Amino acid sequence: MKIEANAKFIITGDSVTDCGRARPYGDGNGALGSGYAMMTAAALDAVYPERHIHVVNMGQSGDTTRELKARWQHDVLDLKPDWVSVMIGVNDVWRQYDRPHHPEIHVSLEEYRASLTELVTATLPSLSGMVLMTPFYMGQEKEEIFRKTLAGYGQIVRETAEKYGLVFVDTQAAMDAYFAHYTPYAMSGDKIHPNHVGGMIIARALLKALEFDWNH
Amino acid sequence: MKIEANAKFIITGDSVTDCGRARPYGDGNGALGSGYAMMTAAALDAVYPERHIHVVNMGQSGDTTRELKARWQHDVLDLKPDWVSVMIGVNDVWRQYDRPHHPEIHVSLEEYRASLTELVTATLPSLSGMVLMTPFYMGQEKEEIFRKTLAGYGQIVRETAEKYGLVFVDTQAAMDAYFAHYTPYAMSGDKIHPNHVGGMIIARALLKALEFDWNH
Amino acid sequence: MKIEANAKFIITGDSVTDCGRARPYGDGNGALGSGYAMMTAAALDAVYPERHIHVVNMGQSGDTTRELKARWQHDVLDLKPDWVSVMIGVNDVWRQYDRPHHPEIHVSLEEYRASLTELVTATLPSLSGMVLMTPFYMGQEKEEIFRKTLAGYGQIVRETAEKYGLVFVDTQAAMDAYFAHYTPYAMSGDKIHPNHVGGMIIARALLKALEFDWNH
Amino acid sequence: MKIEANAKFIITGDSVTDCGRARPYGDGNGALGSGYAMMTAAALDAVYPERHIHVVNMGQSGDTTRELKARWQHDVLDLKPDWVSVMIGVNDVWRQYDRPHHPEIHVSLEEYRASLTELVTATLPSLSGMVLMTPFYMGQEKEEIFRKTLAGYGQIVRETAEKYGLVFVDTQAAMDAYFAHYTPYAMSGDKIHPNHVGGMIIARALLKALEFDWNH
Amino acid sequence: MKIEANAKFIITGDSVTDCGRARPYGDGNGALGSGYAMMTAAALDAVYPERHIHVVNMGQSGDTTRELKARWQHDVLDLKPDWVSVMIGVNDVWRQYDRPHHPEIHVSLEEYRASLTELVTATLPSLSGMVLMTPFYMGQEKEEIFRKTLAGYGQIVRETAEKYGLVFVDTQAAMDAYFAHYTPYAMSGDKIHPNHVGGMIIARALLKALEFDWNH
Amino acid sequence: MKIEANAKFIITGDSVTDCGRARPYGDGNGALGSGYAMMTAAALDAVYPERHIHVVNMGQSGDTTRELKARWQHDVLDLKPDWVSVMIGVNDVWRQYDRPHHPEIHVSLEEYRASLTELVTATLPSLSGMVLMTPFYMGQEKEEIFRKTLAGYGQIVRETAEKYGLVFVDTQAAMDAYFAHYTPYAMSGDKIHPNHVGGMIIARALLKALEFDWNH
Amino acid sequence: MKIEANAKFIITGDSVTDCGRARPYGDGNGALGSGYAMMTAAALDAVYPERHIHVVNMGQSGDTTRELKARWQHDVLDLKPDWVSVMIGVNDVWRQYDRPHHPEIHVSLEEYRASLTELVTATLPSLSGMVLMTPFYMGQEKEEIFRKTLAGYGQIVRETAEKYGLVFVDTQAAMDAYFAHYTPYAMSGDKIHPNHVGGMIIARALLKALEFDWNH
Amino acid sequence: MKIEANAKFIITGDSVTDCGRARPYGDGNGALGSGYAMMTAAALDAVYPERHIHVVNMGQSGDTTRELKARWQHDVLDLKPDWVSVMIGVNDVWRQYDRPHHPEIHVSLEEYRASLTELVTATLPSLSGMVLMTPFYMGQEKEEIFRKTLAGYGQIVRETAEKYGLVFVDTQAAMDAYFAHYTPYAMSGDKIHPNHVGGMIIARALLKALEFDWNH
């Protein structure tokens, strides 16, 4: 398993990460929210207690890449993490469609790539490792506008991870595998916010990428 | 305009109709909710005050056709309406996909047709007129499972209206016209519950079918 | 229809405009309140979606012309509107009668005319168009003191609109037409705040003045 | 002063009497509400403490004569009063105008007279004395529809009081005297519910009719 | 009646005056609290509406003379009154007995006299008239410690009123007259805070001192 | 110490006993309220843990002897106590003075003696021991009406305890000793409800009567 | 993996199972609580979506075996499960120590064995499989009274599972493994209620016993 | 009894002292919380009212020695006490075990000794007397990690008290005596926060050390 003993592991992103975590730090009993960040922390500590890994959920509901970047120094760098995981971008796309009259808050593909690169290069030198996770949309029509647009953002996540040698998690693929057996309506009212099963699917995809061994 | 002076007009359905109407009767100032039922009532009274039309919103959030049928006697017939308008069916389909483990609450196409027919035949003899409105889904991918399934229910609405000579409103078509210019995300978080614009689109489609004249 | 594609249209005034709109901006789903501003926005977007008109409700309950003027820069000019609509004055009169011991908060006819003129001249140069709407009182006794006094303010609205070539809406006349068929008690507890029907009457009067075509 | 020592005096009516009195009995410290019933009780006890008069407020907001009659046995007769005062009727008229679609809840002049007579004849034999007070409307236009209609009900109060030799209080006249100096807006948002000054005006009119001596 | 037309009359003191008045000013409908200040205002306006007297309740629960003095500029002088009425002192005594460990908050007879004199001399020059009311205690044992101590403060009120020719109200005497017929328990749980009857007794004593005529 | 090992000890009475105890049983952690019953339980268990005494607080705010008697079977006998302690009577007197218009709820000396006797004789046969405590009033004027009346009730408590050989606690004397050093205002706003010091004084008086040894 | 496709799997027990599940059924999105039942459901559906397993959490905070037995028909049998898992007993022991005065609510070892046997024999014939899980205590002192007593109950679980060929889960052992690396204080304030890590440890122990394959 | 007349006695510490005391000062009726500080104050005033001892509870839930030291000037020295009692340290140990990932908030034995010494030497010169009380843990296994670690802190309390000649209270010993007869579960859910019996045990231990005489 890639994460070393005594590491501090910050998981950040938007509402899919946040899930009701405590403020100012999503850190400690009852403070990690109810989503994949909590499940990842639970699994790491349940299976590898001897490593004493310290997980902190720093997700923020509603964030686009722009807000994440604005709070990066305070919410990530100042906490001196050893590992960082990021899943961001669904709001970059959503705002383009649900707030059509407000182009000033839309985050373009170009800005997304530049910001992601800036976050990685500012952080990577002081880390043991970094994880990039694609944002995802549960709708299964590949040509649907949200899904199609978001795929472009996911592609940038993949390219950035490859370029900098980061751990890459294709959450879209992990979710799609589930939807071979259920419709998206079984998991979500809006095809964006997953239920507990989605939380586990994402946590499992993240843990697999970290070479976590359930039978350890 | 089809609705005669002093008529009592009951508008019923599910949450798209309900929109926070008062209990037990959605009738009077502040009691009609915030959706198309309120807008229809407002337009009828604003433009045809001399007709003194009495609109009552009897929508119930969460209803499938089965629940609507169960409360029909109490919520519709007992009120002795002159006109009745019904839009039902989106939950008949939704439950099939969001509650897959509970087939006992799914309403099939067969049950839908039978129930709609029963409601119409039980009510029509004592009415001046009756309106059937299709349920709708805002997603624009025609092959998407929810939309495709719902289209079957909408087809039954059309056939039933034709068979019994009812006023027919194709809300799906009215909504689709709007989505030639906006994505569904601009109107709704879940592609099912419309905002105020959707309320006006539905009210206008209903009013047009009633031969309402805005410039009266 | 007078309002051009992609226009930002600010509707402002007192509680008759406000109707529970969101703060700081009455802008977006669920944010436009429940009155004529919301209905106007709904109708514009439902009937002319291809124009992508952006309506913002900036009404403020309790405002007299004096308070409206004090927030004009921040609430209107700073938002860079293309169109502005104003209905103000009922509180200018009401305070004269319900707070008789506080003459310092009464707004006289002279102040009213001067302020309205100042708002118009400060704003008009940067607009595509501007709408002035009369305030109204529902009581039908023309010699009743509130109604009679308010008529003087409404006359100034008319004169100002004519002087500057603005779109003029006689809401008092639109409301009075309704009260040929109902008493004011059917619409309002205080003859000042309209129900949903009154909201639609005002919206329709505004839309007519804008040459809106319901059958577009 | 007409009310004898140790008398129980029940004051009943609608919201003008109720004013937030306690349930089930408006009786005791902090329980008499904030209106004329409380002020009457306060004045009787402050000026005639040696009489130990026991005032109970049994007003009920929203009541028409019909509801008052339905609760008369439980709320008045069962309490075995020595004196009873009644002011009812404003809702009998109001419902005719604010609920025009619901004629089944309108109380006609005929029903009003019959009910008032029935209440008086059922109660008078066991009383020391009974007071009838007219309902009132603050609007000063005598031909205005609410005021004009209500005057008919007030006339029945006067006739009934005369016929049965009851103490009669013309609250409409007492209020009108005040409005020679203020507009109704200074006292009320709806011309129906008085403020503390109105409460004192009504209490004083009632006390004068009872031959209360302020300088006792 | 001493108070002239168009006068502003500020009534101030502690919780016996306050009684839940509005902040920052106890002025207008529903804003005068439920005690003698409201009743005084109600009676002045009900009986002398032609004088348009403007009553403001500026009582503050918990105040001793020290706190009253500290807010005098802001709460009294800045409002430019024509008449001022003060009842203060019960907390000056109460704190001596309920907070025995905190002598720093006890207000002595000497401080009381000095402060009262200072308030009078700072205010009187700009007034039409000023009223001093004694504080009171409902317990009827003249040698009881609270009552006995408070009597000393009441004596200073009397002397100060005489010295400066102010209107003097002996509220203690007015209350004691009532307790010839009832025990204090009928009016108050703590012998300090009066009920509605006590409010009327105090208002009547104040009005009598002002030569108010109930039959005006 | 009189109370034997494993005894169940029910302490009952009015609000002086209740002090916010849990419902339906004042029994267990956080359930005994904040008054003398809790302090007695705490002292018994802290000093005599080897006896495992089970204290239950069954006080009920507002109770007179009449209400206590009505719930005696359910609240005392059904719980099969070994010891019972009762302090009741202050409301028997209070109601005579704060509800003068309601003689039907006043409990006379005769009824008090009869009820107390009935409670004792119905209970004593199945008990190890029973305690009667006088009600008390904090005012120190012996001729004050409440104090004087209550003394009569306290005398009946003493006589009943003597007649039946019960443990007797003179709480009035215990409280008076304290008021040699403080005024009643230091302990209570109404001279009836004691603070924590009063709770300890009563608990200590009760424990002394039970021959409790603090240094055990 | 032992649980077959389309199985209904009821997980029941006390607060360790409940964890805030919905009422009446802990079934569906957001309804499974935050503990091991939710995590087990999430893992089964995330890893084996093709089996469509339907998990229902029927835990009830505060239950001893006695309460569980009382609701077994309604909460388990009536739901017609295919699989049932039970973890009960910690309150059977806790009540012996935190409610020492109430032996009537203590559940003895004998009653525990009898009840568990009754639940198993009543249910097993209609099931595909049944799971028994030991209750656990986090304190690591084997001779500590709670832990030692609870071990006796755990032994009965083991024996019952063996006797009836049920799936057995030694949660005490699973938890103890974790406490080789952390003190109990890191997981729990009371050594009874686990945090999210404990939830995952229990879920993993249950899943392992069911031959769940994380890498499926 | 050691505490002299008119002394101000500050009792401070963590949540065991705090118990819901008022802010900013735990001083006066209803303000001392529900724990040993309140009971100590109650007993001192109930038994020695002639001394007029002024007890103030300045405990703060959650405090370690570090937080206590930070607020010492404001919360203790600025109040100019004559006597001070301190019980601190349980959180110094607890944080080591429940927040293992946050060593920066753990208070070591060395820091504990140094801080305690600093508080004593800064305060003692201006005092009549000072009390040090050991922190305690209710678990009875002497080798259990929390208990064992805490014993080290208690030993420092004892040594510091001896070194400076302070009054020493061994609360651990006082509590242990109780647990010869009950398990810790009867008193506490977490073995740290005592119930009312524990409050009395601690108060009695403190009072004994102060040579308080219950029979005074």
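Read from first to last, the chains carry the letters A, B, C, D, E, F, G and H; within each, the first residue is number 1.
Following the convention adopted for this analysis, a contact is a pair of C-beta atoms (placed from the backbone, for glycine too) under 8 Å apart; a residue touches a chain by one contact, two chains touch by 3 or more.
These figures come from a predicted structure and were not determined experimentally.
Visitor: Strictly by the touch rule at the top, which chains does subunit F share as contacts with subunit H?
Guide: Joint contacts, listed by label: E, G.
Visitor: Roughly how far apart in rotation are subunit D and subunit E when fitted on CA atoms, stated in degrees to the nearest 5?
Guide: Angle of rotation between the two copies: 180 degrees.
Visitor: Give, as an integer number of Å, the spacing between the C-alpha centres of subunit H and subunit D.
Guide: Chain centroid spacing, subunit D to subunit H, equals 64 Å.
Visitor: How many angstrom lie between the centres of subunit A and subunit G, each centre taken as the mean Cα position?
Guide: Distance between chain centres, rounded to whole Å: 32 Å.
Visitor: Using CA atom averages as chain centres, what separation in Å is found between subunit B and subunit G?
Guide: Taking the mean C-alpha position of each chain, the two centres sit 47 Å apart.
Visitor: Counting only residues that touch at least 2 other chains, which ones in subunit C make the list?
Guide: 52, 98-100, 182
Visitor: Give the pairs of chains that touch; include all such pairs.
Guide: Every touching chain pair, ordered by label, is A-B, A-C, A-G, A-H, B-C, B-D, B-G, C-D, C-E, D-E, D-F, E-F, E-H, F-G, F-H, G-H.
Visitor: Which of the residues in subunit E end up touching subunit C in this complex?
Guide: Within the complex, subunit E touches subunit C at residues 8, 27-29, 52, 54.
Visitor: Contact residues on subunit F for subunit H in the complex?
Guide: Per the stated touch rule, the residues are 29-30, 32, 34, 38-39, 41-43, 45-47, 49-50, 52, 177-178, 180-182, 187, 195-201, 204, 214-215.
Visitor: Can you tell me which positions in subunit H touch subunit G when the two form their complex?
Guide: Contact set of subunit H toward subunit G: 94, 97-100, 139-141, 143-146, 182-183, 185-186, 189-190.
Visitor: Spell out the residues on subunit B that touch subunit G in their complex, using ranges where they run on.
Guide: 98-101
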